[in-house]
Amino acid sequence: MQTVAQEKFKPISKDQNAERVVRPSMSYWADAWRRLKKNKLAMVGLIVLVVLTILAIIGPFVQPYSYQEQDLVARNQAPNAQHWFGTDDFGRDQWVRIWWGTRISLFIGITAAVLDFTIGVLYGGISAYFGGRVDDIMQRFIEIIYGIPYLILIILLIMVIGPGVFTIILALATTGWVGMARLVRGQILSLKEQEYVLAARTLGASPARIILRHLIPNALGVIIVNATFTVPGAIFAEAFLSFIGLGIKVPLASLGSLLNDGVGSMRNFPWRLIFPSMVFSLIMLSFNLLGDGLRDALDPRLRK
Amino acid sequence: MNNILEVKDLKVSFHTYAGEIQAVRGVTFNLKKGEALAIVGESGCGKSVTSQAIMRLIATPPGEIKSGSSILFDGKTDIVKLTDKEMESVRGSEMGMIFQDPMTSLNPTMKVGAQITEGLIKHQGLSKQAARERAIEMLRLVGMPNPEARIDQYPHQFSGGMRQRVMIAIALACNPKLLIADEPTTALDVTIQAQIIDLMRDLQEKTGASIIIITHDLGVVADIAQRVVVMYAGKVVEQGSVDDIFYNPQHPYTWGLLRSVPRLDNDEKEPLVPIEGTPPDLFAPPKGCAFAARCPYAMEICLESDPEIENVSAGHSAACWLLHPNAPKVERPVEVGGHHNG
Amino acid sequence: MLRFILRRFAYGLITLWVIVSLTFILMHNLPGDPFANSEKLTPEARAILMKTYGLDQPIWIQYGAYVKKVFSLDLGVSFYYPTRSVNEIIAGTFPTSAQLGLFAITIAVIVGLTLGIIAALNHNKSWDYFAMFTAIVGVSVPAFVIGPLLSYYVGVKLGILPPALWKGPEYWVLPTITLSFTTLATMARMMRTSMLDVINQDYIKTAKSKGLSQITIVFKHTIRNAIMPIITILGPLTVNIITGTLVVEQIFAVPGMGKHFVQSISTNDYTMIMGLTIFYSALLILAIIITDILYGIVDPRIRLSKGGK
């Protein structure tokens, strides 16, 4: 038996004791952010995205050219001191055009994702919350829409309304929300059965309040991850449309249309393909890395 | 040697993003042949990790059984030192395990028959036909009606209780010397719980296997176990026979556990008393006694250093500073065997 | 199970009908008509042409006639090649596209699954990082960048493989790689996630507690269960492959249906666009129905439950 000084056996007061119980509690979001920060690849993705966004905003102003300014004397130049990324067939500065295109591609991607998100969350949320007949009808509708191959529908829509930034966004949003709506519905259906929702309902909270305050915040993790993957999806779809001749029309540029031009002149002027494909791939890569990181960080099952 | 299992100074840690979690921090206990031992404690106290360490089911990484730990099985093999390959021939044949949730512990895409025969074919070298017959026999043994037909069904065609019976059949198929049951009744309906416990007790008598049952249900403990290990924050705080623990508990945590469940053997109407607070963070276990922060009897020494395990009587020991001769005499709460003071 | 299949087909038909109607409506609201490009036409000749194609009829009659024709599997005559019916063009070009698509999906499934399994079994080790880096690059770099690069560097510069056309086995390699790349990468990522998910399941612990060897656990318990959710995404992936053929056929000058589709967009070939859209849609719907049924067959939980879902 150890020898211990007698005075050590004095009982300690309750208050003094209670203080020591404190253990650091972390909110869901703080915890998720901590996990995300530890994920090097996701952070690289995030930083690259921030840098690319800044370049997309200020890039075009660094050079004294506009995206549509032609200079037939300076056609098809390789990268040089005046034209950092070279010029195209019409002597337009590629540096300016690429950042201008990045701006448009990011705009298309983000706007489409926001629209998908809004429509999907509303539709899925309403469908899941009300359940029964409402859900049944809304789901039958989704089942029909879901069967429609979205790229084909987009092609048709764009043929009718004509290509342009807003028509592309519109076309993407018309078809893109379905996946999100299904996801939100699934999430909410599983959450709906949980006690805290029942508690809120017993306390007399209105449906709208329950959806906005209780269900959506709890399903938000998965939804955010999905939205992160929607952005590169939309950017890709825009590029695909450009490739089959339904994209942004010149003189405006998007990464997709620049890629398409680049492919055409690859043999003689490889830099016209290399620069836009680098920016394009970096954007796609960063969003995917960030999305993966967010998924790992926000997945409650992985929480310890 | 009449100990089937001797666990000595078992330490298990998990390495996570946030640092090292010391889930089990030096656990020592023995299990006699033919004995049923219960490990009790609240969620996160390390009881499941201990049982999985015995089966070497801790995934490494992130888990790690620390050096210095030893798990002597059947007097000769130290489980900790076996290679993965050697361990395969121990698992399933010498030890079997039942898990908490029968809804998830069976492979959903495989017929239950195949899930039982797998181990038989591997460990006992039975032919497919012989293994099948043995599986039918096992299913009958665990009380499955119409086993000849049920053997060709998939897990989703069984109820929870029936699935747990299948799990028991799998665990006992090769006549193991040790059966580890990790909360085998927690996920089941109350009526089914009793059936499963009866079945396990019955099978223990028939096969003579030793049992470790992990639970937080003291009713289950009283039903099946002869000895009890009480764990808190990765350590054993008290161990003894069922009578020792129920009628002469020494550790304030054990008192707390006993007071927090209703007892039928007591005539008086007594309120249930919860244990206040939450267990400590095992990222950074406290320097002193892990229970001190929640202990109504905590003393200064409790915060400063961890109490050693003291023998109370033969086979009964506890780790608490109150057992120190210099400690003030504390009156045990009435419900757990203290004296009535009027 | 039978009810489930019938139900899926019923939905497929409704979806198809919606697509037919939508295509019809959209095409009739297109700016310009198919003869707008040929300026030499006199008004009289134009009127005759409109009549032969039924474009002078009220829209409801045109719609009724069109739906009837489509569901009797007649997709009409091309505006651009007036001597050829859309059916003929599909018959002539679809086999090539189907061949390319099948090659690509086979490669994507085999290589993708293998990569995913290897990555999951070596979780957080260099093989995992390698496989996942390849996969994420595959998801990020689209076919219309990889295709031209392969065609130029491997086809033209190195001259190992033909840079274009579709005339024999050596011609198949580059288009197939290009087309399968994204799908392969998606597959690998999905399989890895699914494997990791299964590895953490209780029943894997049960399998381990039986003392089964690592190999048995991986093949009999893990992979089998991990593939289940992958089957559900085979449908959407087939869709990706099919739409991918539009791009890949363009890049490698493969004489398939995708090339015709893209062409018909630029020539305003109404009937062709409508016909091909409907054919593509039918194909995609069928692909999704087949994967649903396949999933039902493979997963005993669905196969043995009575009355479908």
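Letters A, B and C name the chains as they come in the text, with residue numbers starting at 1 for each one.
Heads up, the rule we're going with is that a residue touches a chain if its C-beta (ideal position, glycine included) is under 8 Å from a C-beta of that chain, and two chains touch if they have at least 3 such contacts.
Owing to the predicted nature of the structure, the values given are computational and were not obtained by experimental measurement.
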item: Graph class of chain-chain contacts, one of line, ring, star, complete, other; value: complete
item: Contact-richer chain pair [A-B vs B-C]; value: B-C
item: Subunit A and subunit C: spacing of chain centres that average the CA atoms, whole Å; value: 24
item: Rounded Å distance between subunit A and subunit B, as computed from the means of their C-alpha atoms; value: 47
item: Distance from subunit C to subunit B - Cα centre to Cα centre, in angstrom; value: 53
item: Subunit B residues within the subunit C interface of the complex; value: 52, 55, 57, 61, 84, 87-93, 95-97, 99-101, 104-110, 115, 118-119, 122-123, 154, 156-157, 167, 170-171
item: Complex contact set, residues of subunit A against subunit C; value: 143-144, 147-149, 151-153, 155-157, 159-160, 162, 232, 236, 239-240, 243-246, 259-260, 263, 266-267, 273, 277, 280-281, 284-285, 288-289, 292
item: In the complex with subunit A, residue positions of subunit B that touch it; value: 16-18, 21, 277-278, 280-281, 286, 292-304, 308, 310, 321, 324-328
item: Subunit B partner contacts - residues on subunit A that touch it in the complex; value: 1-2, 4, 6-12, 14, 17-18, 20-21, 23-24, 34-35, 38, 304
item: Subunit C to subunit B touching residues, read off their complex; value: 124, 201-203, 205-214, 216, 220-221, 224-225, 228, 299-301, 304
